[in-house]
Amino acid sequence: MNVMLFGPELYYLGAALVFFLLSLKRKPEPKADYQIALALGVGGLVVTALCLCQQGELFFKAYRVDLFSQIFKFALALAFFFVLTISHNLAHIEERYHAEFYLFLTTTTIGMMMLVSSVELLTIYVSLELSSYSLYILVPLRRGDGIDVEAGIKYLLIGAVSSGVMLFGLSYLFGATGSTYLTEILPKMPQLVSSPIGVLGLLLALAGFFFKLSVFPFHFWAPDVYQGAANQVTTFIATASKAAAVALMLRLVALGAGYGYSFTKALVILSIVSMTLGNLVAIIQKDFKRLLAYSSIAHAGYFLMGIITMKEAGYIAAVYYALAYLVMNFTVFMVISEVAKDGRDLKIQELAGLWRRSPLLSLSLIVGLFALAGVPPSIGFTGKLLLFTSAMNQGYFWLVLIGAVNGTISLYYYLRVIYASYFTDDPSLGPVAISTPMRILNYALIAIVLGFGVFPDRIVELAKAAVHTVL
Amino acid sequence: MLVFNQLETYLYLALLLFAIGLYGVLARRSLIAILISVELILNAASINFMAFNRFLAPHPAVGQVITLFIMAVAAAEAAIALSIIVAVYRKLKSINIEHATELRG
Amino acid sequence: MLIAPLVGLIILLLLKDEQKFLIRAVSLVSAGISLALSIYTFMAYDKGLGGLQFVEKYEMVKTFGITYFVGVEGLNAPLLLLTGIVIFTGVLTMWELEERTKEFFIWILALVTGVFGVFMSYDMFMFFLFYEIAVVPMYILILVWGSTRKEYAAMKLTLYLMAGSGLIIPGILMLYSASGLNTFNMLLLHKAHFSPWVQKVAFVLLFFGFGVLAAVWPFHTWSPVGHVAAPTAVSMLHAGVLMKLGSFAVLRVAMYLCPDGFHYWAQLMALLATVGIVYGVFVGLSQTDLKYVIGYSSVSHMGIVCLGLATGTVDGVNGSVFQMFAHGIMTALFFSSVGYIYDRTHTRDIHELGGFSRIMPVASAFFITAALCGAGVPGMASFWAELLVFIATVKVFPVQGLLAIAALVVGALFALRVVQTTFFNAPNPKFTHFEDVSPFLGLPRMMLIATLIFFGIFPQTMVGMIKSAVIPFLQGM
Amino acid sequence: MGPCDPNFLSCFLIVALPLLSFAVIMIFTWRRHRLSLAISLTCSTIPLILAWSLFFRLKDTVTLAKPIVTQVNWLVSDAVIVPFGFLLDPVSLLMLGIVATISWLIQIYSIGYMEGDPGFARFYADLSLFGMSMLSLVSASGMLQLFISWELVGLASYLLIGFWYEKFSASEAGKKAFVVTRFGDIGFFMGLVFLTFFMKDINIFGLGIFDINNAALTKKLTEAQFTLCALLIFCGVAGKSAQFPIHVWLPDAMEGPTPVSALLHSATMVAAGVYLITRLFPFFAASATAMTVVLVISTITLLLSSTIGMVAKDIKQVWAYSTVSQLGFMAMGLSAAALGGSTLFAGYYHLTTHAAFKALLFLCAGVFIHHFGTNDFFVMSKDGGRKLAIPMVTVTIGALALAGIFPFAGFFSKEAILAQLWHLPNKLWVGLGLFGAFLTAYYTFRVIFVMLFPRKDDDPVWQEYYVREEGGHGHGAHDDDHGHGGHHGVPWVMSFPLIVLAAFTLVLGFLQTPLEKFLLGESHPHEMNYVLLFSAVGCALGGIGVAWLDWGSANARWQGFIRKVPALENFFIQKWYMDHFWRWFLNTFIYGTFSRIFTYNDRRVVDGGVDAVAFSTIGSGRLLSFIQTAFVQLNLLFMVLVLAGVGLYLLMGR
């Protein structure tokens, strides 16, 4: 078999091994670890970039490698790298655990990479669990006053239950179709949704993915985990695992020959509820990360919107928005972890006077938040508009209307953050020093967010090609 | 035909197990108990797989393989869960879920 | 024209905070360039030829049929000119700004870029994109450099407008998908024949969505609050230019794309507009804060614009576009002179002020001119605009027309009341020591007045321009 | 005829030069008084020359029937086409001359009067603005142009009345004048709009005055529509030339400097209304109803103002009210002529003469005021008003003219008007006219006698006077604000205009026939109606006589015969409570009702509604956040329940 097909995964396996060895060292030297991790992260980017154009199937067709999966793998590698860049101060994780932190970060990345290109139930399940378990461990890795373990245990419980439910659903699917290959199951959708067992199976199976995507009603872990986990971990959860989940959902529905009317309707309702709920609850949050958690719930609703169009345009929009979301969300988290150098949870007021303490960070914060709110000229805006467009093309008028209104609501709390950072001032807070690389990263991110917002053509074309490989 | 030579029997059994597991997850307060209930859910799933495999799968091996995988994964899950529970115990001096109610709103 | 502010913006980004003069200079230059360009286009536009000119166009996103497509025609040329003038004078007006100068000019220029973009683009996607670009910086501009109740005002304004966009997006997309042409290009969409139902729904969505920005009654309450809170130049830009975006968008998108919808809702439009006119005047009559007064007067004047649009006759639309222009200049003048006085006295309460014609004759002369213009005194640009609108309206909606005309009396009372209490009577000893406008600061105001009077005496230069576009426009409907 | 036409050019210059001077002074030279004066004077002299040259060049060629119209397009919208141009016919030519002359004289006069005033330059700028707008009003060819200049006149008068803006009463009066006249103007505008509305296909604004008068166009209106338009347009007239009930602004307008009062509020601006009637004479004449209304209103105006004039103590007030009454008189004449199917001559003639002698009277008053620093002619007379020879003589001449005594101008013109009234079937009108004439003579000579025959300070009449002071009326004796009432002789720049005007007053009377010939093309020899003649003169003399008894003769008790009826007198002193009425109206309705209600609505309902939405959103957020309990199993339960719900929905919904 062609090694390149499995290249990224193999590479990260190697990386994981390295970190494992590092974690065995008696006396920890976080600096060195960080150097190595960064190097490996860059290498991972290179490898995934190299493997971008691979095509093929592995492991008895259980594992498909195509442009779609490779793009997402690249995105994941990017997220991995991003998280490493802001990991130079893992203040809240004890030094002897740094290596393990990297280790589990790598393993979860591997899990997600496998997730995006697995097309068989068992493979999906295993890779899903792989990614999840590493995260379960990462969350309570934080040195904290109890909320970390609480977040960890909640994450674990909800995750375990939903994955169990999913497994149960998968078993029904298996029973109903006698196969575990998506390629064989999904064409059978029509008669599947017409049989109770099929419906049940499908529904329960979706639970797992919804859990990853933190769609209502599987969103309960998000706020607690976002707040409880270390900033870097939260960043990874908020960026990488979202992307992976979107990819998986796309695979699921893209192969489908069309679900029943009522099924889609259910999805529509779920999407509406989660975007509305997320936005409304986010309004009253004090903790910045928690606020972002709710915004992520709302965004899950938006993703769903693109997915339920069941049309190419919708998938393109979803892919575009997933990539966009990865970048813009990271921009914001980057600001968080830069401002909260000591790794504490950032209250919104603590952003006070950021324009004075670090103009650049405040600028990227504004850009990132406006992008999340879908204000032009940013990829957030373009992506959202593409989503709406595709939804409207399918005649989901009310969905679009509600989505647009939700945009307004969301703007309110984003503006509150901007208000705090831009207008209020608190002399007690000193300036935030940022290193030159971070500076460059900032500029790069701003450039990406704005640039691809105004000229989205390249990305859209890419997404189009990717979606074509899936269909 | 014997009652335990029918698919339905096993399906109902699995369903029962699933229900029990779900109930346990929702009702029990001790983390360990909850963990056990989760395992029950998994087992329900594997019973399903076996049953379907036995009765109407074209390829006789698939279900068994899956079940094996499930066992392994469940083991891993248990390990992680237990380790976290230990951590919880260290921090909160209790493994009662009711004491882990810091984050809300 | 788009590029000039952008370049200036980028240069500003690179500049240091300390080099205030350089910053101002750069922004002034870029504003000046865009002014020059707008004047050039206004002059160089060939009325005889008509249609779109100075077109630039290339594909942005093929998959969704998004093109970058800008051009100039009789409808937007005046507004481009307006924008050029207002931004130029605005920058001059804020010359004295000391606090966070760099950011201020950055945002201002961003805003102006958006405005130019909206006026010029013929692609709905880009149109909306620029629209938002123009709207959003207001939040920060008001928040940081504003005055009274700015948090409230800024938040209110932004959310209000965003809620507007919340209606606009579905409207636009509805047309987009209903056309089935997979293009955002308005000229193409115009040819697509939408079903009456689509048109009705889309029109009402778009009308209210954009109407919020045009301060259509009863969605006007953000505007006085916003004006009061905003710093001078921003008020100028906002009342002078941004509100026009709304009405222009109603014309360019809503009316252009769904004529049937327009005819269906015209009655409502006219009604709301009339209410706005009368209402604004009366409410303004009992305000004591200068900026509130102006805010409500612009509510009333925008009502006139909207009324003109509602008639859907050549005269009416001519008038209302002309009114957009005239009101823009006039309000800019208003705010710049009020801003000048406020910067000195730090009060805008008309009872506290008084006798300013003696203290600073020039500054008050500016204000009085603006006020008279607002009262619709002939010889000023706005007189012609209102004249056209009223005549057109009486033909189409007699009752509304008469009401609007009657409101003029109160309008006069309204303007004169302010002028009298503020600038006449005995001077308030507290303020007697303030010096008058320096020639340099007076320059921008002089420009504004000159524009007002020039187009007041030679209205044809403007009307001819507008007409060249309006007639085909309405024939297309 | 295009813009290159000589008439057009000269007219254009006449109009443009004052505007130019206004602009120049306002922008550049407003700090340099002398320079501004020079500019303004040149820019008023040239029009003067041009106007008269036009007059003499064209006086034989043009007639009312075929005027010279030269115009270019000003604004070409779709249906709305606005021309800019000039219409030269006898009426406008003569009026041009008059306006140019008087404003020129006033400018001369003001050199002395306004000397040393801080706003000297501004004053001249405003004067030029006024001159420009008035001239273009007179010579306008299109209705809209006329309306525009009409508005500009209002603007100029606003600026001039409120000239001493630091004085509250002045700025108040200015505002009042502007708003009240605006009220009328809107009526005017509506009238025009209605015309356009009714004659759908034609656009009145594009048409010249000439066309409106042309019956062929107007006949397609129904009687009712026609009357409506005519009345609405008359609103404008009433506003400008202070007809009842919106005459209230004119007396207050006396707050302005006296030259302004002389220029605007006697000769030119207020005459604009009457001028408009003459302009549109055929048009108005076409609607009998409208004309009757006009007749009634003007009669009321006549009586009202002359009665108030009887009790005013401020000399300018007296002249102001006399102006109002004379305007009423003109309107009467015109409407009567219209009803009687006669010509516009009488009213117009009176307009001409009145311009001359009223300006004269005001200027004289100005001299006195300037000299004694008071407006109260009682005080003047005490301070020896009659010592100023020239003004005293001229004022007497003016008074005689006003009272309508042979051989002064007023006699002839009043005669003409009364003749028109006489022709009306109902003799009531002529009676009222005569009564008006009587009152006029009375209050005029009240002033004259008081001035001529002052009393010693210890004279008992002074208590009387002070008692009346308590009776307090609006604009009692208050000193002029430009604060230089120093006792110096009358400068020639001030006395020269007096003499000129006096000369006019004497001459104009005898120009009746040629004028009529010039205006109407032919002059029908009017049969001397002796009854009317004698009754008129009788009334005048009677008035004077009564005045003599009350004020003049050595043992007169210096109180009007009206004192016999105190209630009535008070009623007059309170100006028939018109001011109170308007004030009340304003406070109750405009400010009180609408403004308050709307503002409240805006704050509470509209804005409150918006805020309510916002708060409810936040509140719902807070509410929903309770779903996120800290207790994980509840979350799980919720999760399961929702899942079950969806499952059921799907199973059912299949």
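Every chain is named by a letter (A, B, C and D) in the order it is written, and numbering of its residues begins at 1.
Quick note on the criterion: a contact is a pair of C-beta atoms (placed from the backbone, for glycine too) under 8 Å apart; a residue touches a chain by one contact, two chains touch by 3 or more.
These numbers come from a predicted model, not from an experiment.
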Which of A-D and B-D has more C-beta contact pairs: A-D
Separation of mean Cα positions, subunit D and subunit B [Å, integer]: 98
Approximate Å spacing (C-alpha centroids) for the pair subunit A, subunit D: 78
Distance between the centres, which are taken as Cα means, of subunit C and subunit B, whole angstrom: 65
CA centroid of subunit A to CA centroid of subunit B, Å: 27
In subunit A, residues with contacts to at least two other chains: 153-154, 157, 161, 165, 223, 284, 412
Shared interface positions of subunit D, touching two or more other chains: 625, 628, 632, 636
Contacts with two or more other chains, residues of subunit B listed in rising order: 22, 25, 97, 100-103, 105
Listing of all chain pairs that touch each other, if any do: A-B, A-C, A-D, B-D, C-D
In the complex with subunit A, residue positions of subunit D that touch it: 617-618, 620-622, 624-625, 627-628, 632, 635-636, 638-639, 642-643, 646-647, 649-651, 653-654
List of subunit D residues in touch with subunit B within their complex: 625, 628-633, 636-637, 640
Parts of subunit A lying in touch with subunit B, wherever the complex brings them together: 121-122, 125-126, 129, 133, 136-137, 140, 145-154, 156-157, 160-161, 164-165, 167-168, 170-172, 174-175, 178-180, 223-224, 227-228, 284-285, 290
Touching residues on subunit A, where the partner in the complex is subunit C: 313, 316, 355, 366, 370, 375-377, 381, 385-386, 388-389, 392-393, 395, 397, 400-401, 404-405, 407-408, 411-412, 415, 418-419, 422-423, 454-457, 460-461, 464
Of subunit B, residues touching subunit D in the complex: 22, 25-27, 29, 97-98, 100-105
